[in-house]
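Note that the chains take the letters A, B, C, D, E and F in the order they are written out, and that residue 1 is the start of every chain.
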Amino acid sequence: MAARRQPIEYTDASTEVRAIYDDIMATRNTDWINNFWKVLAHDPPTLRRIWSSIKEVMGPGALDPLVKELLYVAVSASNGCHYCIASHGAAARRKGMTEAQYSELLAIVGLANETNKLVTALQVPVDERFL
Amino acid sequence: MAARRQPIEYTDASTEVRAIYDDIMATRNTDWINNFWKVLAHDPPTLRRIWSSIKEVMGPGALDPLVKELLYVAVSASNGCHYCIASHGAAARRKGMTEAQYSELLAIVGLANETNKLVTALQVPVDERFL
Amino acid sequence: MAARRQPIEYTDASTEVRAIYDDIMATRNTDWINNFWKVLAHDPPTLRRIWSSIKEVMGPGALDPLVKELLYVAVSASNGCHYCIASHGAAARRKGMTEAQYSELLAIVGLANETNKLVTALQVPVDERFL
Amino acid sequence: MAARRQPIEYTDASTEVRAIYDDIMATRNTDWINNFWKVLAHDPPTLRRIWSSIKEVMGPGALDPLVKELLYVAVSASNGCHYCIASHGAAARRKGMTEAQYSELLAIVGLANETNKLVTALQVPVDERFL
Amino acid sequence: MAARRQPIEYTDASTEVRAIYDDIMATRNTDWINNFWKVLAHDPPTLRRIWSSIKEVMGPGALDPLVKELLYVAVSASNGCHYCIASHGAAARRKGMTEAQYSELLAIVGLANETNKLVTALQVPVDERFL
Amino acid sequence: MAARRQPIEYTDASTEVRAIYDDIMATRNTDWINNFWKVLAHDPPTLRRIWSSIKEVMGPGALDPLVKELLYVAVSASNGCHYCIASHGAAARRKGMTEAQYSELLAIVGLANETNKLVTALQVPVDERFL
């Protein structure tokens, strides 16, 4: 029992896991599965639940698909999750994110973290107009 | 010397601070200053520096102005900064954010935090394609 | 059984808790106990352990007592702990912290959070000279 | 377009970026630029803005220069930013930080995080004297 | 459009939302809905998705139901989410959590945050036996 | 003076440090010391204080020893501390944690982080019953 779970490849996966892999590839119109899902596959109910949530939340809706990926990248950058920045950054680039846009996104993440801390430390009272 | 700094109103502000308030109002085309700036005004160099940063980072660029506000709201929501959610949420609404879009934004913030934690805890190796 | 534990006053405290309150007051040369200890008093072993740690870590050492309080305030501000900012801010002011110093401290906290996020998101490689 | 931006060396930098590198080296009285700036250089406006902020915030003021570095290291340690601990730790050591002081700093960071969490979870009411 | 969403009571809820409220009450064997769900009800797909996740993750499994609630409370306490501490704390108490157990839980949360920060700041290398 | 402190082996340790190593090994009924303690050993008072806290908090009490380790792992996973997940994960496995239980623990950590963020961003009012 190792501390770190290894990715489970399609050929080594159970029928249950393969069906989810198939749905991921079909939904994303690709023949490839990234490591996040292959590691989650050690726990099929979690694999199914998280994929189902990602499929629903990141699917068509009121926000533009690129904007959704930008938001995902921004939160992941704020949380310092390298894998998530890399995977959702790649998705954002496929959907059209330019390097200039990525630079602006990072600048916003950095500045928001600075002002979030100042506002909270200073306990700035919420303006009536914002209530 | 109180633990919590009170907002400094325009009429009570120094000439230096008034000049920054004036620039904020002119840039935003409004006659109103929100509490964040009025509390930062206790430290004029920080007031000037943060306003200068916000003006530059949130000004015209490669990303749409509404998208910039959405990113700011998302990071602030992820960090649990109520004032920042309220103030940038108001800015986003003025720029067109709908309630449906806000709901999707929050759903992405929540889900990104969930997967960020799973990915990090599981130390998922970054796929070669993402490098 | 309420969700929130109420402060336990000296007169209502057990002998065990009173002895710790006495040591806090003697060490700090005061006749007053702040709420943190009065709430921790619901769990005497934790009250004793945390007080013992604070007494040791914040006691005389290689760093100046004011600097120690400034560090405590900075970490608490970065973590958004209002009570801790208020209590350690009061201690820092008693030890000589000026409002100008507090303003600079907050500016550092804000900026460090901004650059911490940028550095981590960009995965800046550590320079050889720093290793 | 790679997920990770490589440092831009002086000889490969634009005139705009070189001018900022020159100012960093002149201000710090060194002939060397660390990787943080070389990676930020992919986005010259952010490079300029962050350098300008660091120069102002970490420059002469009400707090001792060493204390400023200690505060930066403490926040970076609390946030787990290895690069920032290494770079500001090196700056602190150049300004005189001893290993004993660094040990005390880390002890404060650890303990502040412990009490910050306890205080917040227990919702300790702020004492009147601290308001 | 207010910054803060108000709870939607059963009598004011749509058929879709009522069905989810009904399932929550049936699953929990209660006639009462707490505010988290009533606020999420402004976004029915998120209400459904989060409830479905909670129902699955917190339902019968390999861990004891009380242990599951303790883990939820511990993470919520570490994250400083008062509502979550209150709601999952209440659930844990219904399942048998004593005040002494809650005290120990909080002590672990505090200490884990302290050692997590020390370990990360010191970049302690993972022992071979743990790999 | 390097940025990263190396583990201090028993044979290289001072008498003071060896005595603490001895107590760790005796308490844990093992002949082995993990790197956390060997790195903390650069600062003997902190080594003693943290070990004393761990010994007290993780020792016999109102919560089952396995549950205590599970709580430690959960907080460490939520905080993204790989070393702590590895070391306390190993301790939890020695005390009986199964892979199925670890999967459920991670699912709770992920979901709690998601709902913690949603609850906080939405400022859900605490229900009267929870007060």
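The criterion applied here is as follows: contacts are C-beta pairs under 8 Å (C-beta built on N, C-alpha and C of every residue); 3 or more make two chains touch, one makes a residue touch a chain.
Quick caveat: nothing in here was measured; it's all calculated off a predicted structure.
J.: Taking mean CA positions as centres, which chain lies farthest from subunit C?
T.: A
J.: Please tell me whether the contact surfaces of subunit B and subunit C are same or different in residue numbering, using the over-half criterion.
T.: Under half of the interface numbering overlaps between copies: different.
J.: With centres defined as the mean of C-alpha atoms, identify the chain lying farthest from subunit E.
T.: D
J.: Where the centres are mean C-alpha positions, what is the separation of subunit A from subunit C, in Å?
T.: Averaging C-alpha atoms per chain gives centres 35 Å apart.
J.: Roughly how many whole angstrom separate the Cα centroids of subunit A and subunit D?
T.: 28
J.: Taking the mean of the CA coordinates per chain, how far is subunit C from subunit D in Å?
T.: So the centre of subunit C lies 21 Å away from the centre of subunit D.
J.: At least two other chains touched by the same residue of subunit D: list those residues.
T.: 3-4, 45-46, 49-50, 53, 57, 78, 80, 82, 85-86, 89-90, 103, 106-107, 109-111, 113-116, 118, 120, 122-123, 126, 130-131
J.: Testing understanding: with touching defined as stated, what is the shape of the graph linking the protein chains, line, ring, star, complete or other?
T.: Contact map by chain: complete.
J.: Using the touch definition from the top, list the residues of subunit D that touch subunit A in their complex.
T.: 1, 3, 42-43, 45-46, 49-50, 80
J.: Per the contact definition, I'd like the list of subunit D residues that touch subunit E in the complex.
T.: Those in contact with subunit E are residues 77-78, 80, 82, 85, 106, 109-111, 113-118, 120-123.
J.: Taking the complex as given, what residues does subunit B use to touch subunit D?
T.: Listed in rising order, the residues of subunit B that touch subunit D are 2-4, 45, 49, 53, 56-57, 126, 130-131.
J.: Along subunit C, where are the residues that touch subunit B in the complex?
T.: 80, 85-86, 89-90, 93, 99, 103, 106-107, 110
J.: Subunit E touches which residues of subunit F in the complex?
T.: 4-5, 7, 32, 34-36, 39-40, 46, 50, 53-54, 57-58, 61-63, 67-68, 70-72, 74-76, 78-79, 81-84, 86-87, 89-90, 98, 100-101, 103-105, 107-109, 111-116, 118-120, 122-127, 129-131
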